[in-house]
C-alpha cells in the first residue's frame, strides 16, 4: 500500500494554487506514487482566509497559526509558500519540529539568512527542497541529460535571461515584491535566482560576477488589498506612491568555477516579454537553446551531424525524455506551469521516501543566495565580485 | 456555501488522468467555483483496475459495473472516458438516469450513433458536453473573441491541421484506435474531429466537403496488454499482425454554410509533428493564426494597423484574455494540457449550475459526427458531399 | 576565355530589375561562369521607357520594337519579362529566330497557348526555361536533394501555400494582373503556378485536382499609369472601378501520379502574409518543411534519429548545400530574391553552354499550365478533374 | 543626365563580390540613381588575380599596383576591401589623392590606427564611409525609425549578439582573421564591431565596458592558399599548426552615455549559429527585437496597444519602410546580403552627390575602434574601462 504523507501548506496566493494542484495531481501522473500527499492543513494570515484556502485547495483543515501547525505530530511535510520574509522563521521552526520542508524560491532574503535555514535543516536531518520549478520542465531536464552524457562537449558559454513586463508600467502597484524588507531584492531574487539555479543545474558553480543593477521606477502606487497579483494586478493611477527600494533589472557577466563564462539578464521591465526564461549554451561538441515561453521544445545542435544536415533540432519533450513516463503520452500535448509543479512534487516526495536529498535543496538555495548577494555587491561596487561559499 | 456535485468517471487511461486532475484543480483555479466536483466513483473494466484508479485519481469509491453506478441516486455527473464503442450505451443509460454527462470525443462512431445519444439527452433534459478540449485553450478562445467582435471582419478562408506522428511507424501497435468497430474511424474521428470542432467554433457550420482519405499502414502488430499508450507505446516488431480498417489520414476541402471556404488535414503519420493542431483564418479585416504546439500564443493581424507597423502580433494569453482571471497571473507562465481540461471542467460545471447547455454539447458533437460521415463518404465517392443535418 | 552571350530583355518593371541584376551578378558568384551575359538590348513599349531601362539596367542599347530585336543576328538570348499576354508571340518569334529563351512565369495564359510555345521551341531546337525562381532557393534545392537521396522515404503528402495580401484591400488598383485577357488567370497563374512548380519539382506530376476558386473583390479602381507595382501600388479610393474577371484565391486537393496526395492554397487576400510560400512534405522516413519568408532555412526531420533527440532540424543553407560554392561563404549571410535569380541565370546559361535543357523548361511550364487549366475547370465544375497531358 | 563616378576597388575575395554586385545593381534598384558607379579598375595582389577580378566582377581595367591606381585622376572613389592591415595605408593615400572612400569594416586594427585615417579624410575633405552593412538591413533601419519617432520611449536596455560557428572546429584553418598583425583582433574586430555599430546606431555612444575575452582554440592548421573562405574553407587536419593570437569570443556589459545599459556577445565558436546577429531593445514605451537570420522581419511591441491584443508584431520590411521604394515591391520577397550592400552603395553615392557625410563614416568607424580597444583592455584588466574619445 502506498504510503501517505500529511502536508501543511503555509500561505496561499498563486503559489498556493500551484502547490495544491501538485499534491492532488502528482499520484495521477506518477503512479505508483512514491507517496501520496494528503492535503492536511492550510495556513493563512486570518482564519477566514485559511478557511477559504481549505475549501478552494481541498485541504482537510485550516489554521491561522503556523507555529502551532508546524509542531503538529501528524504533519510530515511543511510547504512554505509565503512572501520571502517569513521563509526563515517557518523553515527553522519546521526543521526543529523534524518536518520535511519544501520552500518557495528565493530561499531567503540573502545568503546570511539562507545560511541559518541551511544550518537548521542540516541539524535536523530532514529532507529539504527549494521550489525552483523551471528546472523541472522536461525540456530543461533533457538539456541536463545531454550535457551529462557529454553530447555537447565542454561548455564554453552560457547566456540566460528572465524577462517579464508586469512591472514596466510605473503605475503597477507596490506589492511586497518591491519592498526590500519583505522581498530582500527585486528582479535579482524574484526571477534572477531562477536563472542562477538553471545555470548551476546545467553548467556548475558560479565563481565570480560583474553586474549592472538598475531601478527604473523609483516609486509606485501603494497597493490596495494585500494580495500580490503580478500581471493581473489593477493599475492604480493617482494613488499615493511609496518608494521602491529594490532593483528592477540586473545584467551580469558570469565566471563559472570550471572555466566557462556567461551572462545573465533579468528584468521585470521588458515590454512584450512575459515569462521569457531562456538559455543558450555553447559547447565544444554542440549547442543547446531553450525558451520557456515555448517550453515543450528544446533546441539542440550536434556538431558531428553530417555537413549537409546540420542545424538545431527542435525536440518536443515527451515519453522518450525525462519524466516522460509520468507525463503525457504524446510530445506537445502540453507542458504547462502545472506540470512543472507536479514534477517538482514527485521529486520531493521521492526524496522523502528514499531519504536522499533532492536537488535543488537548501544548500543549492543557499549558494544561489550567495550569487544574489554578489550581484548586489557588484552592482554597487562596479567590481568583479567573488561569490562567497 | 458552494454546491458540490458527485462525479462518476467511467474509464481510466490517459483521459481519466486528465479529467481527474480537472476535478481536483478546477476550484483551485476558478474560485469561487460554480460547484465543487466530488470524485465519487471511478469505474473500470475490472475491480482491480477500478480500485487502482480510485487510489491513483483520488476517487472515494470504485466499481467494475458502470450500469449500476450510472443509476446511483447520489451521482450527479457521468463522465465518459472510455473508448468510442461504449460512449453511446453509457451516455444513453446516464441520460435515462437523469445524469449530467460529459463525454470524451469523438461523441460516437458516426452520426447515426451520435443521434441516438443526442435524442437521449434531449429527452432527459440533462446538461451534456463533448470534451473537445482544444477550443478551451485560452488563445483559441481569444481567437473566437476577436472574430465575434468583428475585428478580423468577414471570414474568407479557414485552414486547419492536426498532424501527429505516433502511428507513422508501421510497427506501432494495433490499439483500439486502429479498429473500426471500436473507434468508428481513424484519423478522422480521433483527431480530425478536433479540427472540425475548431472550425465550427470559429467559423460556423460546414456544409459540404470534398475529401481524400488514405490508410498507409494496412496491418499492425497486435497490441500486448489492453492499454492504449499512444506515443509511449512500445514497438512490437515481429509480433503477429492484424488488419487496420480505419484511415490514417484525411485531407479535405470545406465549404462553410455562410460562404467561407477552407481546408483541413489530419494525419497520424506526419513524422516530426506531435500535436500540431493549427489553424489560420483570413478575414476581410485581418487574419488569425494558431499552433497548439505553441499554445500560449495567438497570432493576430489587423489590417487597419498603420502601414509601417503592420504584421501579426504574437499575443500571449494571460489575465487580460478569456479565462484569464482563473488561470495564471502572467502570460506564458504556461498553459498545458492540464489547463485546457481545467477550463473545460469549469465550463461544464458552470453549465450545470446555470442550467444552460455548454458548448460543445451533444448537438455539436452530433454535427461534428455528420461532418466525419461526410468525409468518409466523400473519400469513397470522390464527390463533393453535403453534410447531413 | 569565357564565352559571352548577348541578351535582349523584352520588358522592364520589377522583373526586369531582377533579371538585369542576375545578368550582372551571375559571373561574380559562379566563377568561372558558364558564359558571361552581355546586357545588349532592352526593349520597352516606348523609346523613352526603353532608353530609361537601358541606363537603369546597364544595357548597351534600347529599342521599342521587340520584333526587330528578336531577329537581330547578334542576339543569343531572348528574355521575356512582359505581362503574360505577350509571352507566346515573343517566344514563338524568338524560337523561329533560333534564340535561346527564358520566359517569366506563368509561361502562358493557359495550356493551349503554352502548347504553341512548346511546339515552337521544340521545333527550333533552342534552349528554353521558365522563370519559376523559387525552386532555385538553395533550401528548396536542398529539399529536392534529400528527397532524391531517399532520406525522407516515399512521399505521402504535400501541402503547399502561396499567401499574399497585396490585393486584399478592395481599393488596390486593377493592374493587368486582375484582367483575364492579359493575365489568363488570377491567383492561379500568378502565384499558384509557383506552388505547382514546387510540387512537380519535389514530388512529381499532378494527375488530378479538386478545387475551390473564389473572386472576393469583384471590382477594383482603374489603375493610374500602366506600371504594375504590386504591394507598392497606391490605393485609389474613389476612382472609377472596373470588373475583376480573374480569381483571388484557389484551394485544391491534389492527387499525384505516383500515389501521393496533397493540397495547395494560393491567395492574394491573406492579410499579414506577404510572400508566404510554404510546403510541408511527409514521407515514410521523415518530413520536410519550408517557408520562403524564412528562406535561409530548411526544416528536415529524419525518423531514424535516436528517440531522445528527434525533431525537425533547422538547416541554414550555405557552402555545404546546393549552389553553395557560388553563393555566400557562411550560411544565413543572406539569401534574398536577388540570389534566387542569380542561381536561375546560372542554371540557364549552364544549359545553353551544355546544350542540355534546364528545368523548368517550356515543357514544365506547359504541364504547369495544364494543372492551372484543371484548377479552373474543377473550380467551375465542382468535380475532380484530370490534368490533361 | 545622371552623373557617373569611377570606382577603383582594392581587393577581391568575398567582399569584392558583394561590392561589385552593389555597383552594378544600385541604379537598378534606386532609380534615378544619385550617381551611376562605373567599375573602372580592380586591384589585387598579382596581375593575374587582378585580371581575373576584372572579368569576374565586370571592371574595365585591372592592376596590381594600388598606389598607382589611387592617384589616377579619373578615379573618383576608392573602395577598400582588403584585409584589415592595409586599410590605413590605402585610405590615407586615397584621402591625400582627394578620393572619396568606402572602407570595409573594421576600419582599422584599433583606435590609434583608425585615428590616422580619420585625420586624413578630415584633412582632405573627402566623403568617407565604413561598410557596416547590417545597419542597412531595412528592418534595422525601421528599428531606428521607430526609436527616432519615440515609439518605444526612452531606451533602458540593449542586448546584442553576433554568433557564428565557422571557427568552432579546432581544425578550421588559420586564415588572416586569426592573426593579430593582420586582423588587429579576432571576434571583437571581425564581428563584435558590427554589434557595436548597431548599438551606436540605435542607442547611442558607449561610454564604458566590462568584458570577458577568451581564445578557445590556441592553435590552428596553417592555411593552404591565401584565400580566406570563412565557412567554406576546407578543414586541414594533420597540417602544421600555428598560434592564434586573437580572441575567439567576447562577452561584455555596456554603459551607454545616455544612461541605458546593455550587453553584447560575439563569438565565432557557437555551434549552430551562422550569422546570428540579434538585438533586443527595451524602452519605456515598447520593445524591439531583431534577428538577422530572419532579416525580413522586425519584432516591435508597443506598450499602448490594447490589453487584449498586445504583443510583438512581426513586421516584414517592404515598400512602406526605409529604402522600400527602391527595393522589392512586396515584403518578404527577400532581403539578402546583396540588398544590404546595394543599400549601402546607395547611401554612399547619395552622400558623395550631396556632399554630406554618410553614416557610419570614418568618425563612426574610429569610435567603434575605441570601443574595441576598451573591450580588449577590459578583458585584460578585469575592470570597467572607459571608452576613449
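Each chain gets a letter, A, B, C and D, in the order it is written, and its residues are counted from 1.
Heads up, the rule we're going with is that a residue touches a chain if its C-beta (ideal position, glycine included) is under 8 Å from a C-beta of that chain, and two chains touch if they have at least 3 such contacts.
Quick caveat: nothing in here was measured; it's all calculated off a predicted structure.
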Check your understanding: Any chains in contact with both chain A and chain B?
Key -> C, D
Review point. Where are there more C-beta contacts: A-D or B-D?
Key: A-D
Exercise for review: Call it same or different for chain C and chain D: same when shared residue numbers make up over half of all numbers used at their interface.
Suggested key: same
Exercise for review: Average the CA atoms of each chain to get its centre, and name the chain whose centre is farthest from that of chain B.
Suggested key: D
Exercise for review: Scan B-D, B-C or A-B for the interface that duplicates A-C, counting it as a duplicate when over half of the contact pairs agree by residue number.
Suggested key: B-D
Revision key, fill the gap. Chain A and chain D have mean C-alpha positions lying a whole-number Å distance apart equal to 41
Exercise for review: Could you tell me the distance, in whole angstrom, between the mean C-alpha positions of chain C and chain D?
Suggested key: 33
Study note, to complete from the structure: Here the gap between chain B and chain D, centre to centre from mean Cα coordinates and rounded to Å, is 53
Point to revise | Of all residues in chain C, the ones touching two or more other chains | key: 297, 310-312, 316
Review point. Can you name the residues of chain B that touch chain D in the complex?
Key: 142, 145-146, 151, 297, 300, 302, 305, 307-316, 320-321
**Study point:** Residue numbers on chain D that touch chain C, as the complex places them
**Key:** 2, 14, 17, 20-21, 24-25, 27-29, 31, 33, 36, 52, 55-58, 164, 166, 229-232, 274-276, 292-297, 316, 318-319, 324-325, 328-340
Revision key, fill the gap. Contacts from chain D onto chain A in the complex sit at residues 152, 156-157, 159, 161, 163, 168-169, 210-212, 214, 216, 249, 251-253, 255, 261-263, 265, 267, 269-273, 280, 282-287, 289, 299, 301, 303, 310-312, 382-384
